Structures are given as C-alpha cells and as structure tokens.
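See structure below.
Letters A, B and C name the chains as they come in the text, with residue numbers starting at 1 for each one.
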Amino acid sequence: MSTFLSNLISGVSLGSVYAIIALGYTMVYGIAKMLNFAHGDVIMIGAYMCFVMMFNLNTPAFVGVLIAMAVCTLLGITIERLAYKPLRQATSLSVLITAIGMSYFLQNLAQLIWGANPKSFKSVIPSGGLSLMGGSLKISYVTIVTIIASVLIMVVLTLFVNHTKMGKAMRCVSEDRGAAELMGVNVDLTITVTFAIGSALAAIAAVLMCSAYPTLKPTTGSMPGIKAFTAAVFGGIGSIPGAMLGGILLGVIEILGKAYVSSELGDAFVFAVLILVLLVKPTGLLGKKIHEKV
Amino acid sequence: MTDTKRRSDTKMVEHPSRASGPERDLNKRPVLECSHLGIDYGGLKAVDDFNLTIGPTEIAGLIGPNGAGKTTVFNLLTKVYQPTHGVVMVDGKDTAGMNTIQASRLGLARTFQNIRLFNQMTVEDNIRIGLHNQIPYSTASGILRLPAFWKGEKKQHEKAMELLSLFNMQDMADVKSGSLPYGAQRRLEILRALATSPKLLLLDEPAAGMNPKETEELMDTIIKIRDDFQIAIMLIEHDMNLVMGICEGICVLNFGRVIAKGTADEIQNNPEVIEAYLGTQKEDE
Amino acid sequence: MKKSSNTLRKITKTYFPCLLVTAMFIICQIMITTNAMPRTTKSMLVPVCVYIVMAVSLNLTVGISGELSLGHAGFMSIGAFSGVVIATYTREVFGFSEPAQLLSALVIGGIMAGIMGVIIGIPVLRLRGDYLAIVTLAFGEIIRNILNCIYISLDGNKLHFAFNNNDIPGTQILRGPTGVTSVEKIASFLAGFLLVLFTLLVVINLIHSRSGRAIMAVRDNRIAAESVGINVTGFKLLAFVTSAFLAGMGGALFGLNYASLTPANFSFNASILILVYVVLGGIGNITGSVIAAAVLYILPEELRGFADYRMLAYAIVLIAVMLITNNARIKAFVNSIFKKNKAKGGEQA
C-alpha cells in the first residue's frame, strides 16, 4: 500500500512538472495556433543556465533560478520574433518544420557550448524529506516543492488570464485572431507575451525537473517536451486547466506503468496514451470541439 | 400567367411537397425527393422540415436571406453533415447513412460557395479528378504502366478536353488552377462537378463575383448543360435576374424553414417572401 | 513530328530523376574501375543510395500526400532488422546465394514495414496536421522502444522469438538494445542503385497516374476531393503504406551494409535528418530529394572537422529555407540581393 502511495505521489510530482511545461504548449497553441516544438529545448537551456549560475559562478540557488527565467523569457521572445512571426500566414506544415529546425538548433548549440556528456545537476532544494505513516512513506522536499509550485503557478496564471487586460487580449486572440485585431488588440504583442510566459514557466519546470532527475545533457528537454505536449493534448489543447489535469494524469500513468507493467516500455506507455486519446477524443478531456466550415 | 398558375396547381395536387417543376418531367421519377429534412445543432434548428422534389431535367433555385440555411441544405444533401431528421431520396434510392463519397457515386455533384479547387494541380488534372470514378483503372496498372493505364489516361484526356470545350477553356489545360482568374475558377469547379456524371448538379452561388455580362453567359451555359447532359440542376444564388430568368421552380428559405415554393412569378408576388427580404411593413415605417 | 518530340520532352521531364541517378551511377562505376574514387567515398555509396530511397519515399508522404511524418526512421528500422534476420535465415536454412539473400531481405523488409504502415496508418491518418505529425513521432518512438525488447535467435532451422527476455536457444541474431552484430555485409552499390531506380519508378509512376492525382487532390482540398467521390482515407493510406514499404526496403539494404546496428541508430534524429533532405530538396520535388540526399550525405563526411557543426548548420538552413519560401518580404529581399549581384556581375563584365 505504501509503495503504491509513494509511486502515486512521485507520479503526481512528475506530472506537476509535465503540467508546467504543458502550460507553455497549450497557451502557445491556443493563441498562435502552432505547435512550438522547440519548447522542450527552452527547458534544456533554462536548466543549463541555472547550472552555470550555481556551479560555475557559485551564485545562490534563487539567483540561478531567476537568471534562468530571464534568459528563457528572452529566448522565447527571440525565437518567436525571428522564426515564427514571419510565418503567420504560412501553412502549419512550414511552421512545424521551422519549429523542429529551431529545436534542433538549440540542441546542437547546447552541445557545442556544454558538450554532449551529461552534467550532474545538484538539487536547488534541500535533500531529505518528510516521513509519514511511521516511516514507511517518505516524501522528499523536491516532491513537495514541485507540487506546491505547480499549484501556485496554476492559480496565478488562471487569475492573470481571467482578470487582467492582457489575459482578456489572450482569450480574444485565441478565439478569433482577425476579429481581435479589428477590435484594436495588439496581436503581435499578445503572442509575444504568451511566448514569454510559456518560456519563463519552462525555466521553472527545468529547475524542478533537474532537481528531481539530476542529469543534464543537450537532449534533456526533448523527451519531457514531447510528453508534456502529450499531456496538453490529453487535457485538451488550448485549455489551461486541461494542461494541469493532463500533466498530472500523464505523470501518474507513466510512473505506475513503469512500476507495475514494464520499466522498459514506460515511454511507449505514455505515447500509447496520446494515440488513444487522439483517436477516442481528439479534443482531449477539457477541449472544445472545432467544426470545419464548408 | 393563368397557364403557369394552372400548371403548378395541378402539380400541387399530385405532389404536395413539390415546387412547380416543368411539364416534361411530369411522369418521370424525380431525381431528388426530400421529406421533412432537418438538422439540429444542439437545439438550434439550422434546417427544419425541408420538403422538395426535383424533376430529372429541372432547373431549381434555392433562395433566401443570408444565414437562411441554403448552404446547409447542400451540405445535408451531399452528406457533409448527417441530417438529424427526414429522408433524402436520390433517383429513388434512400441515402440514409451514406457518406459524401457514396452520395457522389449516386449522382450528386456540387460546387462550393468559397471556391475549392485543387490549387497546385493543373486545370486538366482538376477535371481528371472529377473523372476519377468514371474512368477508373487500378493503382497497380498505374504503377506498372499496364495497357489499362494507357487506355484510361487517353480516355480521361479526351473527356477532359471535351468538358473544357464547354467553356472554351481548352488552351488553359496545363495552367495551375490556383493561378486562374476568379471567373475561370468558378467555371472550372462546375466542369469538375460535371465530370463526375451527376444526375443532380448543385451550384452554390455560381454567379458570385461575376459581372452582368458574365452572369448572362452563365445563364446560357446552365441551360446548355441541362440540355446537353439531360440532368437536373439546383442552384443557390443571390442574383435575382439569374434565378428568375432560368429557374423553373424556386424554393425560398428563411430561418431554416421553407416559406414559399413556386414559379418565378408566384415567388415574386408572395407577401411572405417580400417580408423575408425587406422586413415587415411595420419595421419599415 | 512535332507532337512526338513534345511527347519525348514530356517523358524526359517526368523521368528526369531516373536519368540523373543512372548517369551518376555510370560516372561512379567509371571512377571505381579507374581507381579514381577515394575509399572513404566508396564506402559512402550504399548509404547514399539508402538515404535517397528514404528521402524520396518520405517526400511521397510529406510532399505528395501533404502529411508531415516524423517517424520515417521507424519504418527504416523495421526493414533493417527484419532484413538482417531474413538474410541470415535464408543463408543458414536455404543456403541462398548473396543476391538471393539480398533480394529476399529487401522484399520481406519492405513488406514488414508496409504492414506496420497499415497498422499505424489506419488510426493515424484519421488525424490532421500537427496531431498527425506528433503521433507519427510517437509511433517512431514506440517502435524503437519495442525493438529494444525483442530477441530473435536461430536454432537449427527454427526461428525463436522472445520479448524482454534473452533466454532463447540457438545463435541470437537480434539482441534487444544491442541490436544485430557481426552481420555479413552483402549490400552492394549495384543493389543500391537498382533499389533507387525501383523507388523512383514506383513513386513517379504513382504520382503520374489516377491514384497519384487522387492523393494530391486530397492534399490540396480534402472536402472537394470527397465531394467528387474520392476515398480520402484510402488514398492517404496508399501513400503512407507505399512510403513505409519503400522505407523498409531502404532499411533492409542499410542493415546489410554494416557489421552491427542498434535500435538507437533509428531514433527521432534519424527521422529529422531524412526530413531535412526532403525540405531542402524542395517539398514535393523528387529530383530535389535525390540531389539533397546525395549532396548532404557526402558533403559533411568529406569536410572533416565540420562534423560538429553539421547538425547546427542543418538546423539553420532548415529554418532559413522555411522563412525564405514562406514569407513574401524575406523572399523579395533575398531575390533583390541575387539581382543586385547579377547586375554587379554584368557591370564588371
């Protein structure tokens, strides 16, 4: 029982990281109608930045996290302006290929700068944890911080989207870009802000992820990125609560699948979920149905 | 005038649901029979209790204000949407449960309000796509270049050229359809629909964006198509000169419901139709 | 007379890629017989053929059918491993000669990948756009995950299969994550050339036939294609499965060209590499795929020291090509630079 509980808790924790990453995917998809394939690699850059600050420059952890967030935000904005903005009118195939190119660019750039060998990341959160149920159930501080952070982010983001002017602009653009533009909404700015928020969240996710799984290499971001996209689709792409729900469910499915079915097929398991969801309910758990007009 | 009136009256007795079709179709099996056709979108009745019968060589018009549900009727007939109520019989066969492809095989072909061509393909290839099920040969004979391939290709080419000659478009055969001028695109879409050898051709605003002279030519062409191919044509159009000029039966739709059916004269004098188009007297004042 | 010369020109244009590869093959053969070709280049001939096959077959899905597939290397891996198993089996059990082994490996590799194409295609092709791309990626990863767990051995003339368990009798051919080792390298340049020619003929003949036009019609406008009675899913599946089949054959040749091979060789990166060839050669352009695959494979291998920057350069070129071909302003800007240079050149002359 306690093994199951501890698996469940680490599933929720992993899922919280997926959820934070998925928020970036889902917001960008909802507003810019594109799959930002490079999002996972922004995470990787964030992790490296934090690593550089903390281990090469010996700054305190919180400075490392803040710098990582700042760099990721700038990176997100730059990527959007340079690569995606000129393609607003292009087909989704071209945009996706560009995004894949960007992802590849970041990975190879990181490899040139930091090398292909994995670096070991030291947790920014003190090790150790709480002992519950007379010591049979241990929950690490990383797990607790991850879960709390994701809940906080979720609450703040929901408030932002629902109660600020920029949030309203985001909802407008995601509903109908043309109409929003006609109503005087600055669409380009809105999309840029969306990328900025998504990328800042990616930095937080990077630190949390590397605190729990402390190896860092240029491809660190790609698998979690794809899985988080899966989570976003699972929850219903474009929906913020959907990303949260999808992320946590996916984390739990992955950990339980690895623990009880087969540890080799953990990834296959996650992707099987994606395929099943898309086939049974392509709009995800909380997504809206889209009609194609004839 | 009285003659028309009497004609439509006698028909109304025979087919209560029918717009007044032409005399020559009187004792033939209608190509289309809709009864109580309708679709609900979660409580909203986009089309409700739509009844219409079209004779095998009739030119029928479907008119109504914007948003009345005209295109939805086309989508229901061609099974882009599945109707939630009613029956559609095409050439005497019930189309319940069919999809778009089966509807096409049964003899329904259409054009689209917003032109839908295969933009990256040539004009001739667009028509050859229309001939897909008319002049078939297998994929294997295509890849292996078997005799069936050469025979089929030759036949497709001849037929495509024959169709293009209808609009004098033979010399455009090798042009990419996406780069054609607007009017030519509309004409190509009609030819592509005709290539499927339909029994009923559905035209969604064929004269949209055409000038009066082009519209005039289009009217002649529509009649010519009907006469040459001996098929029925149903069209949605806002150009009243075209509708009143060539349609033998007209059906007026408003808020998803049929508000009038009859000949051009009957429709023009129908108070409900005038109200639908111009608003009520009270509002006007 | 004029008509026949027109037809000839048309045929030449249609089959230009075939003429091109034949010419390239003849030149290479002359260089080999006159010892004019360096050994490193010679060792690249078979992989170049394989990558041409991969690029052309992927172009069938991406360019002609208009669906972005990110799992093409998955089909290649199925072809590679089943090809190696079949080659070993036919050699040990039937005593096939090398060409016969190769042929059976290619055919079975293609069929296995084709079957996988059907299994994947039926669910995947119901999806559209980005979703379809991401699911093909997912399937590519699943294939690799599963191959990591498969063990096949040959005991006498019986093949044994095991999942996630290496305890099977006989000599092991396929060993999970270790893949295949000490393979007899029976792939030859001639076989590679013939496979390229076969691939080109299949793809070109398909494109210029009734079914190929239907595939392109579905790409250009799905709703209009349905309205004239074209079976949308059927023709998408035809393109996808043909593409998978050809990729499987390419994979089989690839597998028989190296002494050892692991499932990790066919990761997502390998799929992207093939996609780079297709994009840079021009989406939907078969000749472009052939040239891009050949040049982009040989060039980085020849330029030593460039290897570290190769993938970085690919990424930049990929983005640049997309921006130039899709943004009117950037396109105009690039054109104006070229024009200026031309004008300058003219002045100097």
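One rule holds for everything that comes next: contacts are C-beta pairs under 8 Å (C-beta built on N, C-alpha and C of every residue); 3 or more make two chains touch, one makes a residue touch a chain.
In this text the structure is predicted, and so the values were computed from the model without any measurement.
Participant: Applying the document's contact definition, name the chain pair with more C-beta pairs in contact, B-C or A-C.
Facilitator: Pair with the higher count of C-beta contacts: A-C.
Participant: Closest chain to the overall C-alpha centroid, by per-chain C-alpha centroid: which is it?
Facilitator: C
Participant: Report, in whole Å, the distance between the mean C-alpha point of chain A and the mean C-alpha point of chain B.
Facilitator: 50
Participant: Rounded to a whole Å, what is the gap between the Cα centroids of chain B and chain C?
Facilitator: 44
Participant: Whole-Å distance, chain A centre to chain C centre, using C-alpha means?
Facilitator: Using C-alpha averages as centres, the distance is 32 Å.
Participant: Can you list every residue of chain C that touches 2 or more other chains, as numbers and ranges?
Facilitator: 223
Participant: Identify all positions of chain B at which a residue touches two or more other chains, and write them in rising order.
Facilitator: 80, 112
Participant: Show the residues in chain A shared as contacts by 2 or more other chains, in ascending order.
Facilitator: 294
Participant: Which chain B residues qualify as touching chain C in the complex?
Facilitator: 78, 80, 99-101, 104-105, 109-110, 112, 116-121, 125, 128-130, 132-133, 136-137, 139, 142-145, 149, 152-153, 156, 192-193, 195-196
Participant: For the complex, which residues does chain C have touching chain B?
Facilitator: 201-202, 205-206, 209-214, 216-217, 219-221, 223-231, 238
Participant: Flag every residue of chain C that touches chain A in the complex, lowest number first.
Facilitator: 62, 66, 68, 70, 123-124, 126-127, 129-131, 133-135, 137-139, 141-142, 145-146, 148-149, 164, 223, 268, 272, 275, 279, 283, 308-309, 311-312, 314-316, 318-319, 322-323, 325-327, 329-330
Participant: Name, in rising order, each residue of chain A that touches chain C in their complex.
Facilitator: Spelled out, the residues of chain A in touch with chain C are 34-35, 83, 86-87, 89-98, 100-102, 104-105, 107-109, 112, 222, 226, 229-230, 233, 262, 264-265, 267-268, 271-272, 274-275, 278-279, 282, 292, 294.
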